[in-house]
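Paired with subunit B in one complex and with subunit C in the other, subunit A is shared by the two complexes that follow.
After this line comes the complex of A and B, so read on.
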């Protein structure tokens, strides 16, 4: 369709310049007014706390509190990303090799949790992992343990919650990437004598790696901003950056400091998202009807 | 490994992953029907008392109404802004298209806490805090990508010759778009609008800063109750949101099936 528009006669082209501008303008004005302008204001606020200074940024980069929080955030996000990929891969592959009603059912099981509120899903682990929760009760009844395991308020609980939340999107992204792999290549490998494991290991898996890298970048960016899960399931020792920003803003009312930390987080996530967009293009995601 | 062994390993892995994904959802649903006084699983007995508790509590009713209002307004704004943008991006030659695309989508990868504090700082001097409209304006930014992506996908697969035929037969171009193209791509627009609504209904952090005091939406109410109380009312409220998720899945699948049938 666009090919035809590109070859339109010159007169139509001149008119065609004003129309797309008019069509895009409302959306762009909205994004500038309600997204970019607030971010600029936040940046200004981070510098203008006590006169103009970089003091708030100095705190973010040098104080032991922020160093610890940043490291915890990077660590939790990395581990959650790896776990999500390891679990999502076999699921996405299963979706690829099934079809019809079975694929539809599996997709339903992936999508329904995707549309269940993050608080709701986190809150469920609060019940399951507690001292009197299902898992401890089960282990106790089996006689494996006598005192409840301290599962909740730990790094373990945070990861269990985070990975469950990240999995549906990871599966959908990997599935989309795998759909673009030419499956006749696997058939060709098998015709030439490869076992199905060899065909997977030497043909399908290498071809799927770009999709894996893309999913990794995306999931990592999203994990960096997690708030609800670490706040509800983690211990104060595993505080992540979003929680610290929240405390600075809503409890300490130090908006300068909150803005500076927020701006640093924004720069990090935007850089990673830009790399992602450069190689994988953001618009293949969300919606999935293109996949 | 022989093919059946592969299949068994993969099937077991897929089953375990599905269980991991679905189990938390089932737990919340089960507890919402609990007859007991605490959040325990499995529940000691079944009842509808926690749903009645919600129906009889003006605070919860108001929370659901606020979510409904903010969500509908968000979906409306996102559709009005997103559909024209999708037309421009799919059908016209636009300079810096990749950059525009990224700009429309970037709200989805920006950490919610950053959007939340920047929106709050921006809204305070404008007096938009504590207003349903203000929150919808902010939610529309991250709701819009859902509309743009799904409308664009429908537009790409729609047969433009039908619109051309209408124009050849004398229909003004805008009229041809309204009468011919919009109905064809309506499943995509509807999916986008539903997803924008769901996105708004789930959003916590911006909502907490903008509508954190009086007139809380459901997510903010659940969030503050989770930390304060431990009776199954929260589970019942969550179950209603899960119902919303299932409803979303059904409507999106229906819209997609409809689109597929139209495109032959």
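After this line comes the complex of A and C, so read on.
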């Protein structure tokens, strides 16, 4: 009896471990075949292009073009992330405090642009922001301006486009995080003397911050790779790294250089994510064990 | 203006014909209640009986469709929750997870008062001492056990010295032993702060041991209000009798009344009943006969003792030992009656034996049999 009891659990344990591994297998195969393998090939190509050297990487790090484009990319992504969060937060909060059909409708309005293709959405900004576009025409007809404002092909246009594309995702991520906040905590704050604003500021907002940080990372990483939006709405000065990589690969056919730049972008993104996670890990935000 | 806590007294709460419905269903239906200042009042009832809705109406989280709530004779209809000066302990404690114990306890002070830092710190320390958690003030809620979180919630609810404390099943999540310990603790704290307490629970023993006054709720209405012992001894309905304490409810029919003697027929026995019912009844009415298990006396059926008077004959089906008492299950017809007898009386009984059940004069009560009560799961004895 004792012997059975002692031997049975490890076997059950081994079987128990094998099942999750099996369930992971299809996804694992997919990732290896279509992500890790191409990645290794890309890395190999970036080194092998000109007879096994780091020359391509040297170019990425030393050429003023790459430095400029990389900085523009980081700046645009940062500003777009902050703007998206600031605009998404009130909307996500509105979703939280509504319910039933109204929430469903609001969510639908959030999702509709999400279902529309990125290129279509970007082109629609061309129509709105152009010299003869809706905004300039309106302002001119109202007599507020006489010459069209140079809205298009500017940093402004790129940011407007990026933020608009990022918003649905940001709202949904924030909404999901806010849903996990126990609403009775707000009731507890109110009954103990907090006005609605104080309850929000002292309880809801701090508890929503982990969600904000999570959404920030997601949106930032996503915006690092923007290609269509800066290409259509920006001027050459707003060129982002994805565009440069594209030009290297498809116009200059310098696949080695494109691979190196792509790899550097990947490493930088991973580094930023890792550092960020270290400082904004959920554990600390929730009042940390012994941090 | 500041009502000092040195003379802390409880608020008087009056509910006037409160009505609150969700859709077509009334959650609180015409509830009127006077809570005396400083009293410990329990709202007791099964889930869905309207007790938590009543509490949320008092807190101000819900607005009544009709009726009014008076706190210290002032209507609070237009007063939002944060201005009602109420403390509240929630079922899930609802401590702020991003604040330390001390910050949680200090929260009402920061919101409600303009206390100087030192004074606030002193108050927090006092409160933590009251709930015996002074050593944990720097911890976060998730680092505490359920019982400790419960105490922090108490301290937070009381720190700003509210005159009314609401508690929503505060012990529901604790294990039995801790629960009994906390019951004593809550009573001690209630005595020392003097605030009026409105306590919601579905646990009848909790309500009986802790309260000055118990309000039994059933289907959105108040079934009965009274001190614990009165509810136990003179329940107004079969529902209350069944919900509070152990009970035998035997379906019976009134056969006739001669003076003070009510003859009822239950199963095959005709019983003479000396206590007139507290409701209007006449011959032919269906009633419930309530006999508490501890009022039953049992003896084995002897050949010479014929069944007569206030007694029922049955077969002993179960006998379980509970330390101080034996609990018996005696089959009478299709029904099983419960009896609770002293340890020394139970030893000689054997399962399967024929048993004569009797009870003290006046221990049996007649209760109205309504369709409402029949729905609580009792079936008639054939």
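The working rule: the second predicted complex is superposed on the first by the 242 of 291 C-alpha atoms of A that agree within 3 Å, B and C clash if a C-alpha of one lies under 4 Å from a C-alpha of the other, contacts with A are read in each partner's own complex, and residues count from 1 in each chain.
Here is the rule we go by: a contact is a pair of C-beta atoms (placed from the backbone, for glycine too) under 8 Å apart; a residue touches a chain by one contact, two chains touch by 3 or more.
Values in this document were obtained by computation on a predicted structure and should not be read as measured data.
Judged by the touch definition given at the top, the superposed model places A:59 against neither subunit B nor subunit C. Judged by the touch definition given at the top, the superposed model places A:190 against subunit C, while subunit B stays out of reach. Touching more residues of subunit A than its counterpart among subunit B and subunit C is B.
When the shared chain is aligned, no partner comes close enough to touch A:154: not subunit B, not subunit C. In the superposition on chain A, contact of A:78 is made with neither subunit B nor subunit C.
By the touch criterion stated above, A:19 is placed in contact with subunit B alone, subunit C being left untouched.
Counting contacts as defined above, subunit A residues 195, 285-287, 289 meet subunit B in one complex and subunit C in the other.
Taken in their complex, subunit B has these residues touching subunit A: 1, 3, 6, 10-11, 13-14, 17-18, 20-25, 27-28, 31, 39-42, 77, 80-82, 84-85, 87-94, 98, 100-115, 117-122, 137-138, 140-141, 144-146, 148-150, 152-154, 156, 160, 188, 191-192, 195, 198, 201-202, 204-205, 209, 219, 222-223, 226, 234-235, 238, 241-242, 244-246, 248-249, 256, 259. Those residues of subunit A whose C-beta lies close enough to touch subunit B in the complex are 1-2, 4-6, 16, 19-24, 26-28, 30-31, 34-35, 37-39, 41-42, 45, 87-88, 90-91, 93-94, 97, 106, 108-113, 115-121, 123-128, 132-134, 164, 167-168, 195-197, 218, 221-222, 224-225, 227-228, 232, 242, 245-246, 249-250, 255, 258-259, 262-263, 265-266, 269-270, 273-274, 276-277, 281-283, 285-287, 289-290. Those residues of subunit A that touch subunit C in the complex are listed here as 182, 184-185, 187-195, 198-199, 202-203, 206-207, 285-289. The part of subunit C that touches subunit A in the complex is made up of residues 59-61, 80-82, 84-88, 90, 92, 94-100, 107-108, 110-112, 140, 142-143, 156-157, 160, 166.
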